[in-house]
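Okay, here's the structure, questions in a sec.
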């Protein structure tokens, strides 16, 4: 299914993409294409610019050179925002609200994937029984799982994930991999950063290496 | 996949903010307490001379309420910035101005409304004439809304910077001066039995304008501030 | 129209502007200093003492040019800030931000000289008068713009944010001015009126004009100098900057 | 000359006003000069670092 | 291994806080600006009547300065709590009271001192008599120090709680009232040409006591607050 | 050297140690001893109580049952604090200060290991050239390295490390392992949490498993 015609549509196309801050080069120039149904890996050491690249693709930062399209639109444009969802080092969860309430907010802002249910999703990421706890009292890994559950509920076709494996135990890593596989099978695409310490289970369609 | 409507985003944000305020309802009371403290301290600082207190009561209550609002203005986007929720807002498919409008409405409801409720009491304690009370209330209603709208635009501008607090105060002062002048003008006129409609009308006109423009300006400012 | 476009594009390009500014800067300086010298001589020596205020009126030759400049510079800043917000050319950002500092300096001068003048004429350094108050507010607006600019780590981002504020502040300025006027008439204040400009004799008028024009040329000269430095720092990765740095004497 | 300096009894106000005028503007000019020096110093450092790095990477 | 001395810890904390304040010097100016704003807004709210403004000038400046301090009180330990530095302080081998004392000194230097410097100017703009100025300064010196000491103890108590803001204001009010009464009493007496030594002496006595007890109380309160 | 007499001194001794919150058992009862020169591993899934256990040992939380000694003293007592240093999920770095300034503060509070030098330590953790940068502008992994450098400068004999490997690349993990090895060789001891996703290179003297 992954290589059907419909899903070969390019999700991200970057040509000579580069970013500099105060005219110091952070990354690039990069050329890559991420097609629907595939998972891309951004590899690089600490400080090589992985987070910065994801922020450029999300439209939070403006690239200083080159050209990039997200589903044919400029990153950060309304179309691109409707199609992409991201998870960064900061999870964007409200500590005073419960896990479930946090999911509901995400749905209110981004909409909900057809047939997805917050309760079921919390169970799927291994948070049975924590739905009503304030997020502030969850452990580091449990917070991460909440953010993953929110992500998986959204209708976004493109995921931009910054170190989704950090703070997770073995079961949590399996959960991420299962979510990624399901997402790709459904015709979505994901871009995942990693510094290569955690083994990535899946066949990765493209790897973007950022030199240090 | 079910697309998400505009009303959904607005409702989700408003609900979220009200819920958060409710969870931390103690914090929401802070501005009120602050205003009470100021109004209580004034007689101590000036001596309990009734005529003097009554003379300045309208102005003191007004300044106090607006300053109490200022106090919490800095925090309008701070929490969302620190935990990454602001980024999620900016990245969501909803128009940012809409989400900001919801945030603003919640802010006004949580911060200004309790202040407006308690203001007549403070004014009474300081000896404001009964006749001027409705005018004070009206002036406060308009002035707080206007201040909230203008203030959040400036807050949005400083969101990405290190020195937000001072800057905010610095930038807000020139914009707050006309508001205080008109609001205090109305109350002062009412205290002296003069007509007070003109300054109130000016405030209302400014408010109408700000209601339309502020969310848009705020969204623009947020985008500028986050782009680093 | 075409000539204008060409000029706009040429001056909008940083290396060209840098050279152009360097070329006209000495001329601006010369004119400013010459006019100031003439104005000072005419104002301090030639003009007779005022029949009411004695020699205190001589403050006019610094106060009024500074006060006028405080408004004039704001106008220039607001226009280029507007351009900077809408079309984002780098030059407009630079000119707006560098104007802010000069404008703040003139505003400060107007405030201090004004209150020094107020003491002998009104008997107090400060009173809550309409014009005084709105000038104070103007200083706050300038400081807000400067502060916002410096609060960002990325200068271009800071320039955009501060330009936005400068435009908003421009809308506010007339509001402040008139509201303060109305406010003063609403309550019966103890405001002191200025003496009318019509009472100015020609012997006072020409030095005043000379100082005023000198201030305008000073503004131009200072702005060119500031813009040049700002461009060097903003474009520091570019080759033309490296070229200039190589040519510049070691401690220039 | 003394009469000139006395400013008809208003010396305490006139001269400070002129002093403020010229000192503030002088400070404005001085700030620009100092900033220019600092920027040039930084730029020189940057250029030196960059050419050193280029030489290093060529030889490596 | 070289053991670390008591003076080292005190110095390190003080240096750190002053350095941080310097890096964010804009923020440090916030209370000053806030005070300037309040003092600027008052004439707008009350009208520019010179006699009235002069009459209330001492009280207004006093209340304004103390409130400006309150503004930043909430943040004394907030930053250190959020980024984990407070834990590092508690876990360090230094006596916590010592570190807290350094924190407090830095807080006073950064927040209160600029306020005290700017207060005479504000008082002048509002028309306070020359004669009362030194008394105002003295009263401010004592009152700000006292408020800083008492305020940080309360802040420490509320540091771990969710509703710190409200609690703080609530607990501080009863303690701030006597300070304001004595300080304003001294200034008022000086304005009227009466003797003003007695209230100042009371403030000084309270300050001496607080200087000894507050750091200890603060350290205890912090330990309690963190244990959750 | 690790098994010499002097270093066999017990650093942590826990007997029936347990912690409950709102009378829900978080972990325990646990019995373990960590001797000088050795490294202990706390293993457990997300939410199993690893962070909580470390906070108890540091003296930030009071155990609800059992008994624990750190170098013979109660956790959190002055003696225990002089001997222990910890690194948690929150690093306790000041974003507005430079990396070097942050190290200096740590030294001011905790003292400095004989012969240790902040500059050299920053190089050792791979942060050459970042000494003067404000910590706020560092990447996630670079922040972590700064915290590690601070830790390694202190004279503390006992390290309590909560997920020291999270956010680090391969080189960063090697740095942590090298620091741990050197610390143990010098007669120190360390307790490290992990959920077992990252391979722990070293012979671990004791493993504390917390059931989920």
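Quick notes on this one:
Going by the order they are written in, the chains are A, B, C, D, E and F; count residues from 1 in each one.
Here is the rule we use: a residue touches a chain if its C-beta (ideal position, glycine included) is under 8 Å from a C-beta of that chain, and two chains touch if they have at least 3 such contacts.
Just so we're clear, the structure is a prediction, and the values are computed from it rather than from any experiment.
Think of each touching pair as a link: the shortest run of links from subunit D to subunit E has 2 of them.
Comparing the CA-atom centres of all chains against that of subunit B, the greatest distance is found for F.
One simple way to say how far apart two chains are is to compare their mean CA positions; for subunit B and subunit E this gives 26 Å.
Taking each chain's centre as the average of its CA atoms, subunit B and subunit D sit 42 Å apart. A separation of 46 Å divides the Cα centre of subunit B from that of subunit F. Shared interface positions of subunit F, defined as residues touching 2 or more other chains, are 89, 96.
Looking at subunit D, no residue sits in touch with two or more other chains. Counting partner chains per residue, subunit B shows two or more touched chains at residues 23-24, 82, 162-164, 166-167, 170, 173, 177, 181, 188, 227-228.
On the side of subunit E, the complex with subunit B involves touching residues 23-30, 33-34, 36-38, 40-42, 44-47, 52, 55-56, 58-60, 62-63, 66-67, 70-71, 82, 162-167, 169-170, 172-173, 176-177, 180-181, 184, 188. On the subunit B side of its complex with subunit A, the touching residues are 1-4, 8-9, 11-13, 15-16, 19-20, 23-24, 82-85, 87-95, 99, 226-228. Residues 125-129, 133, 136, 147, 151, 183-184, 186-187, 189-191 of subunit C are the ones that touch subunit E when the two sit in their complex.
Interface residues of subunit B facing subunit C in the complex, by the touch rule stated above, are 153-154, 157-158, 160-164, 166-167, 170-171, 173-175, 177-178, 181-182, 185, 188-189, 217, 220-221, 224-225, 227-228. Across the interface of their complex, subunit C is touched by residues 4, 7-10, 13-14, 16-18, 20-21, 24-25, 27-29, 31-32, 35-37, 39-40, 42-44, 46-47 of subunit D.
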